[in-house]
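Structures are listed in the sections that come next.
One chain, chain A, appears in both complexes that follow, with chain B as partner in the first and chain C in the second.
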Partner chain A sequence: MSTATATSTKRTIVERLTKSWLYIGLIGIGVVSFVRIVTDTDDLTGAGTIRAAIIATCPILAAALGGLWAERAGVVNIGLEGQMILGTWGAAFFTYHYGPWVGIIGAAILGLVGGLLHAIATVTFGVDHIVSGVAINLIGAGAATYLAEAVFPDYEGGGPRQLNGLEAPTQITIPGVSDLAKDVADRHWFFVSDVASFIQALTTNISSLSLVMFALVVVSAVVLWRTSFGLRLRSCGENPQAAETLGVNVYLYKYIAVLISGALAGIGGGFLALVSSSGFSTGQTGGRGYIGLAAMIFGNWRPGGLLAGALTFGYTDSLRLRDTQSVHALLLLVALGLLAFAAFRAVRKQVRGALVVAVIGVVVMVWFLATDSVPREFTVMTPYITTLFVLALGAQRLRMPAADGKSYRRGSAG
Partner chain B sequence: MRRLTKLSAVAAVAALALAGCGGSDSEGGGGDKPAASDDVCKTADGDGPKIGLAYDVGGRGDQSFNDSAYAGLEKAVTDFDATCIEGEATDGEAESAREDRLRNMAENGATAIIGVGFAYSESVNAVAPDFPEVNFAVIDGFDPDETANDNVAYLGFAEEQGSFLVGVAAAEKSKSGTIGFVGGVNNDLIQKFEAGYTAGAKAANPDIKVEVAYIQESDLAGFGDPAGGKAAATGEFDKGADVVYHAAGGSGSGVFDAAVEAGEGNYAIGVDSDQYLTATDAQKPFILTSMLKRVDTATYDFAKSIDEGKALVSYTVYDLKADGVGYSKSGGFVDDIAADIDGYKDKIIGGEIKVPTKP
Partner chain C sequence: MPSDVDAVQLRGIGKRFPGVIANHDVDVTIRSGTVHALIGENGAGKSTLMKILYGVQRPDDGTITIEGKDVVLKSPTEAIDAGVGMVFQHFMLADNLTVLENMVLGAEKLHGIGDAARTEIRRISDRFGFDLDPDVLVEKLGVAARQRLEIAKVLYRGARIIILDEPTAVLVPQEVEALFVNLRELKDAGNSVLFISHKLDEVLAIADDITVMRRGTTVGTADSHTATKRQLAELMVGSELPSPETEESTVTDTVELSLDGVTLTDEFGRNLLTDLSLKIRRGEVLGIAGVEGNGQSELVETIMGMRIPSAGTIKLGDQDVTHWHTRQLREAGIGYIPEDRHRHGLLLDAPLWENRILGHQTRPPSAKGMWINRKGARQDTERIVADYDVRAPGIDTPARALSGGNQQKLIVGREMSGDPVLLIASHPTRGVDVGAQAAIWDHIKRARRAGLAVLLISADLDELIGLSDTIQVILRGRFVGTFEPSKVTPQDLGTAMTGGEAA
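Here is the complex of A and B:
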């Protein structure tokens, strides 16, 4: 009897959630489509933009996921950037010799080595997590530069600072669907064409590695929140002493988490070297590891949140790179989004919050109406500001794992 | 604990094995290509002038700007029996680090010091007065204050003239009537490239449309971001451009990738050095031409002036007339329009065409 009730409540929750997400998604597409037509910027939902957005998102997403794994086990991994850099080198080296898929594994292994260093320092020796992380970033950058200079000059297409012409992982095109979607997308209809260009982007020349990246988000979510392994791992981040009293080997779980974290960051680096461009070059990560870490924090240490953060950043970044004019259209989108959010809060009777958001929304709206374009200096900041806005408003109460960043010694449960 | 020790031991062994792999490869696979360690400054022991070469971010091996300076240095070392010291900037370093590098070279006996890149302008200005007997040069440099330094040479290039020529090539080769430009950082220097390119394209085809994108507004990381270069260039190809010129340093390889993905009939144009020569086999059929900036000539000339005892000072501009800029013909893609391009070249040299430096 009681089990039956439990299942039915569970089902209704699931139904409610999927329903509300469905509505939000539909309204979202509608608003974007409206903005596209009003401002006459077809690039806003063009298949090319979405494609570029996916490519820009993936490395950040990988780093963010890496951060999630480590921090859920209570280890702050600020060394994601360094592990990512190691990953770019690993991908280049192994792809050159054995092809792209071994290259990805190589990227993961190099990132994992970075993670191992971090785990040894923080878990075994109890070094401050930030200090160790900063060291990993320095070591990662230095090691990759050194290794590149030592190995790549003799390779075909290589030099002391780069290795170009690497083979990319397979690209997938679904023939019939792709052409049909392109046909519909090119008509620029309201709503329908936006969905079509999204489908077009997903079915035309999409890198299989991108699909793997998005699958990894789901896998991480399931493993961390739906398995007993994940529960134990997260318990090490919430209250390692309690976990210890229940017989969890906290050191082991932290090691596993940080190793996976490093490997994921490494894969992110591999993506940069193999999919985002066709080669390794020093300094190509450009701080994407830090951005991933930030996306994870503002995504409230949750897979869905970090996915939203990485997507927002990737989308706005590729938008401003492709067309500075479309950034102006983005203002209208942001304004409408803020106003909608204000209405949502007003319905929930959070009057003060609703007012604040509404005022910001009106200001952005006025900005949009009063100008024809956004100053160039501002366009570079759009990805940062938009992501901050979206995530700060989306998650009002951030809660990090309770024992995150704290040093834990075996036996301290007493 | 013991298990952990074991684990780390395994990792250490793996790391060593890995490093071993790398080492043997670099020695075993090395054909006749010079490795990075083959450095003329380590072997030179002549009694000519001692030249200090301070590289910009990217350093030797960037297959572009810095390598070109090195080529000039190499030639100077052989011709004048010179010796040399090198130093290299790191990404995001402080101004004081540049000054220290220059001071170090001066204190180690260098009599001619060349800062590669405009970023050395300020630091040379700060260091030069302290070493009146040493001659400095800044490539792409400018004097940041009112007081002139009588021991500093500013070696500039007429990038807009070279860009004008590749702009002509782009416009004549474009079938769609739209061409593109990708700049690394939106500063005065890169704007010269854009201005010349647009002017050249409009001269050849007044109706041409030029799409312009910059990877960064002020952050120098825009010169080392292939992913950003590819995204920006792909955006321009999507908008109908079929020739895209880049002035984005290391980000340029992403621009070439974008041209490869855009497929046959689309081209990219390289910058600074003949990038057809360093491109991968997949990229080669898509590199129309390159705007050449003879940093090697400038470096060599400065060393020569020191050797002759008539050190260059103040501003020197290497333009089309002085063969300081130009375009490359590797690959043979522009052979059929070379006469046209050279016609414009003569007009620029003759002063008939004035190329703008601001877009």
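Here is the complex of A and C:
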């Protein structure tokens, strides 16, 4: 009897999750498609936009994954930004000498060094995680600037603040699928074309490093949730004292987690230097480490969620690089999203929350209807404003690892 | 299958921390296949001893012999390998992981983390009647189920010697009975159980052998068939146990606090408190009994103005105070002993005299106009330290340096100053030693005689029965029964608290 109930609850959970993700995805595409047709901005889901979105997503995704690993083991890694900056330099240096793949490994190693600093400070010495993280951001930025000035001016295409002309990792095109998808996408049908241009972007000149990034999401999910290594690592973030009483070496797992976290952030930096642009320049991370952290929080400390978060931020980030027309269309999208969210809350009888969201939604809607374009300055702000909105609205029923950010000392059990 | 070899022998165990001797010359022998009780007051060194036996801490002196072999336990892993398992007083469970995940953590090699482990958990659960579902999140489990999970965790690792650190502290009487049934089955299956407690009735009911600890060392052993409560109590404290009994009624006719239909809803529209009405008169102690998490905290926070009720009125004397702020309420004469003195009652790193000011920052002697009156506050702290027997090196000592009992006495002294008309006491003697407990009971009784109205919330049913004039039982945010302390037993209360037939 209890066996039967257990398996059936398990199955329904799986079904519910996959189904709801599927529905949300389908409805999302439908709404975007609707907005595209209403506002007549084909750019909104053009293959070019989606390509740009994927490129913008990957560094954020890398940082978010890095955050996931560290925080699942109970260490808040706000130093992701600094580790990313270190990664940009590492990628540039090693790519210049040994080619892009060694460059990526170099980026990972430099990020890992940043992670090591963070682990020593927070795990061994019990320093406050935020203090240590901020210090690493400062050190990372300073070190990268210094190293660039010291090394790159002598290189071909280099200067004190940049190194251009780096070789990028291979791009992949799947011939038949790519052309077919482009053909369908160009017809601008409702829904179908939007899906097609998505496929087109995924099969035409996509960077192999992007595919690696997406694969890393799956790998992280499997390792963290389907192996005993992952269970031990997560237990350190939920209740390290309990883990200790069961013979888990908490310090070791926290170290491993923070090192992996730093390496992932480093890879994200490498992506910025090699794929997003074909060269290193100081300050090119532009706060993506923080946005990655936000994407992870939005994703409720889960791989699928943080992927959704990173895609959201990546998509808005890419739109700002296109024309103001698209950002204007985005207003309608935001308004619809807010109204849907308000309805969702109203159904759950959260009246006050529903009202606030609905009012904001209506204001954005009025703004959209009353204007034809948005100021250029505004478009630059879109990703940050999205971050703010998404976190403020979406981050209300989140479940972070219970011992996240707390200092842990050996022997404190019982 | 009791064997001739003793399960555990501890000889001459000593453990020192900076400034404290936690254990010295401790000798305990646990016979194989028995339930062995280790009793003693809070701070007698029981928990330290258990951590030593479980490898969490290492002894400075002495030897540990397990099943005839001398062992050195450097970590819990080694203790587990030696066959020792421990159920901590504060459960060592990760709420956000499932039963299965908590169970296999650290022991993944035994049965993996998948279906084989699931089968093994079901087997253990069925064998001992633990009723555990492997795929439920631990946060969904009640206290008793969590404890069964902890015991199952220990068995899963093949432990033959099971340490239970104050397992009944969090259970209602019926759950204690169920636990004892489980323990007897464990014993029958050949395991040895070390049962730590300071509740003598329970010890006499379950144990085969008894060892008594006082001030860090073992002071005697007793046979549970011949020992009496009085003997054990005297061994434990060196004197007769204090009891919380009240004298004649001092209840007057003046209603000091009245709640009428108070309802509290959370942000999702669920009722935390439903239609609560009560009256406390001057000189009356109203006790609230209930399993923790049934609305006691919310009730206190609502009265104290930390939450605003969604319906109903709260009156203090004749005034409607439903929408008053906490400070107004305190100024109107409500004293408040919070349930968690570390989180709500004290600034642990601030000196005692600053802690004296908390909640009284607008009133003399702590304040003069808009300024803090340092001198007045310090003098009054000296008074509290003397009158309430707070044992501290001085009033500049940080609160953290005091023992739990002395911290609590300071809070009681603070809340009693300024002549309150109503005292809200949430678990006033939780985690304090027997001496401090008796002193706090005395203060409450004295204040009651002087006409104070008291709302007493406690998990200690003897305390409730002994101190209260009336007892209300709260269950899922509703009052489900009113009892006369003179006519009620802990068992009756336990039944009402868990939703059984109310009298």
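The rule we apply is simple: the second predicted complex is superposed on the first by the 364 of 414 C-alpha atoms of A that agree within 3 Å, B and C clash if a C-alpha of one lies under 4 Å from a C-alpha of the other, contacts with A are read in each partner's own complex, and residues count from 1 in each chain.
By definition in this document, a contact is a pair of C-beta atoms (placed from the backbone, for glycine too) under 8 Å apart; a residue touches a chain by one contact, two chains touch by 3 or more.
Note that the structure is predicted; figures quoted are calculated from it, not measured.
K.L.:
For A:A402 in the superposed arrangement: first (chain B), second (chain C), both or neither?
P.N.:
second
K.L.:
Using the touch definition from the top, say if A:E377 reaches chain B (first), chain C (second), both or neither.
P.N.:
After superposing on A, A:E377 lies in contact with chain B but is clear of chain C.
K.L.:
Determine, for the superposed model, which of the two partners chain B and chain C contacts more residues of chain A.
P.N.:
After superposing on chain A, more of chain A is contacted by B.
K.L.:
Taking the superposition on A as described, I'd like to know which of chain B and chain C A:K349 touches: first, second, both or neither.
P.N.:
second
K.L.:
Which of the two partners, first being chain B and second being chain C, lies in contact with A:A56: first, second, both, or neither?
P.N.:
first
K.L.:
Which positions of chain A touch chain B when the two form their complex?
P.N.:
Residues of chain A touching chain B: 43, 46, 48-49, 52, 55-56, 59, 93, 113, 116, 120, 124, 147, 149-151, 153-157, 159-162, 164-165, 251, 255, 272, 276-279, 281-284, 286-287, 317-318, 321-324, 376-377, 379-380.
K.L.:
Would you pull the chain B residues touching chain A in the complex into a rising list?
P.N.:
4, 7-8, 11, 14-15, 22-23, 25-26, 29-31, 33-36, 58-63, 91, 186, 213-219, 221, 224-232, 234-236, 238-239, 250, 253-254, 257, 260, 278-283
K.L.:
Help me check something: in the complex, which residues belonging to chain C touch chain A?
P.N.:
Per the stated touch rule, the residues are 47, 50-51, 54, 56-57, 75-77, 80, 86, 88-97, 101-102, 104-109, 112-113, 122, 131, 133-135, 153, 165, 267-269.
K.L.:
Report the residues of chain A in contact with chain C in the complex, numbered from low to high.
P.N.:
2-3, 5-6, 9-10, 227-228, 231-232, 234-235, 238-239, 241-248, 348-350, 353, 399, 401-402, 411, 413-414
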